[in-house]
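Labels for the chains are A, B, C and D, by order of writing; each one numbers its residues from 1.
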Amino acid sequence: MSELERLSITIPKGLSTAFDKRNARKKYASRSEAIRDLIRDVLVKEEWADPKAQVAATVTLVYDHHTRTLTDRITELQHDHGETIVSALHVHLDHHNCLEVIVLRGAAKEVQALADALASIRGVKHAQLTRATDGKSIV
Amino acid sequence: MSELERLSITIPKGLSTAFDKRNARKKYASRSEAIRDLIRDVLVKEEWADPKAQVAATVTLVYDHHTRTLTDRITELQHDHGETIVSALHVHLDHHNCLEVIVLRGAAKEVQALADALASIRGVKHAQLTRATDGKSIV
Amino acid sequence: MSELERLSITIPKGLSTAFDKRNARKKYASRSEAIRDLIRDVLVKEEWADPKAQVAATVTLVYDHHTRTLTDRITELQHDHGETIVSALHVHLDHHNCLEVIVLRGAAKEVQALADALASIRGVKHAQLTRATDGKSIV
Amino acid sequence: MSELERLSITIPKGLSTAFDKRNARKKYASRSEAIRDLIRDVLVKEEWADPKAQVAATVTLVYDHHTRTLTDRITELQHDHGETIVSALHVHLDHHNCLEVIVLRGAAKEVQALADALASIRGVKHAQLTRATDGKSIV
């Protein structure tokens, strides 16, 4: 972690009390860590507004692997975008259902396009893009 | 505003620099105000997790007022829930389209149910619940 | 409403059963209306991806009107952006708290910038942009 | 996939045209598949409203593995919740940053609590819960 800085902020007493209660419920060890998390969250969220920003992301897919050609289509699409796809984790939920999480990196715009392509494959029951960060701009 | 408190937090230098840049772009006058906003946002969001919590909210509707019986249905529903509905603002977007914002108060669960009922009226083009706060727990 | 079209779609039986149950809970009178709403929602959401798209929106603010200069700042900002702001509704939540809903129209980018400016005013407890549509592209 | 059903829905012509254009952009092969996806998305989203509902989810974490004790804490927490955690995928983003995706299953409430616990660990730069489905109720 980079060099630390000490900031002083003013805040209404009632607000800090409510925040402390919330942090206890969320199991935060310190108020500083909770505030750092809020700051990082808003920075990551806003990072994605620039289509050229370099980002990391995950796509979560749920599908029935019995659906004809589905697994082939997913594999094919991942190979076609080898430079954007880092890795994938496959979980067998039950006899029918698979959950696959794919980790992606690249320009926000390309990551979004690839997530769209995966979501639109016939037989994919659920697809969701989780917008994360490559951590470089978020210390 | 209630009594102010001064908090001291530690934060990586790189993170506070990125946050300051973001706050300038968002036109924040001070870092304290930006942090207070992040704290209030997360408290309001989490307030709604309790179905009995007393909340305030707005519902935004867009519809074509030419749709038969639509305006009657919306008015009727508002009168049936007089205790939850505070007030409504009606804007004529063009010859066809109206935008109506309805302010609601009550238990989170009832507010959600009424928003669902408004959204499902035939002819409503767009309906969205905005989860706000009655401000009591957020100083 | 514009001319109607009849579409035929194929869908797994289990999915349509689950959807019907959900629509009953949400008080939809027909499956068609529920599907129309899902389509409109996704179109409105994606409309905002283009910063130049003409949109309608609401901003919901909660604040303590006793905060010095706050009301002046909000009013001033609304007058400075007269062409974007259509109208505003003010509700007195209690002795301290006000809720104000402002209806905005214009290019997505300008609407977002104005919402940011309103949110960052010192003393605003809660601010939220609700992304709606001007209804023109959503029949 | 389960038995298929043919549904007939009525929809304004302008809306189906706009939807077709959107589906082409999103690379959908058919309108039916696009509608099925909208239905599944709304069902999955609403499934989580019941804290006891059995769900699947992923948690995406980004962190600097040099942060003292961080990796130990994450591993420990995963072992303490062995019944909820299915599997995890670890990706080295650069010399400092790791991305870890953890697949979880269980009651919505427990999954949420574990995600909170992971997010609040000191040194985790970014944490996000992606609410998916175990696929059972979504055919």
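Here is the rule we go by: contacts are C-beta pairs under 8 Å (C-beta built on N, C-alpha and C of every residue); 3 or more make two chains touch, one makes a residue touch a chain.
Note that the structure is predicted; figures quoted are calculated from it, not measured.
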If you walk touching chains, what's the least steps from subunit A to subunit C? 2
Return the chains shared as contacts by subunit A and subunit D, ordered by label. none
For subunit B paired with subunit C, centre-to-centre distance based on mean C-alpha positions, whole Å: 9
Can you check how far apart subunit C and subunit D are, centre to centre, with Cα atoms defining each centre and the answer in Å? 25
Two or more other chains are touched by the subunit D residues 1, 40, 138-139
Among line, ring, star, complete and other, which best matches the way these chains touch? ring
In the complex, the residues of subunit D that touch subunit A are 1, 23, 26-30, 33-34, 37, 40-41, 44, 56, 58, 60, 62-64, 66-67, 86-89, 91, 93-94, 96-97, 99, 101, 103, 105, 116-117, 119-120, 122-128, 130-136, 138-139
Please name which positions on subunit A make contact with subunit B in the complex. 1-16, 18-19, 22, 31-32, 35-36, 38-40, 42-43, 46, 137-139
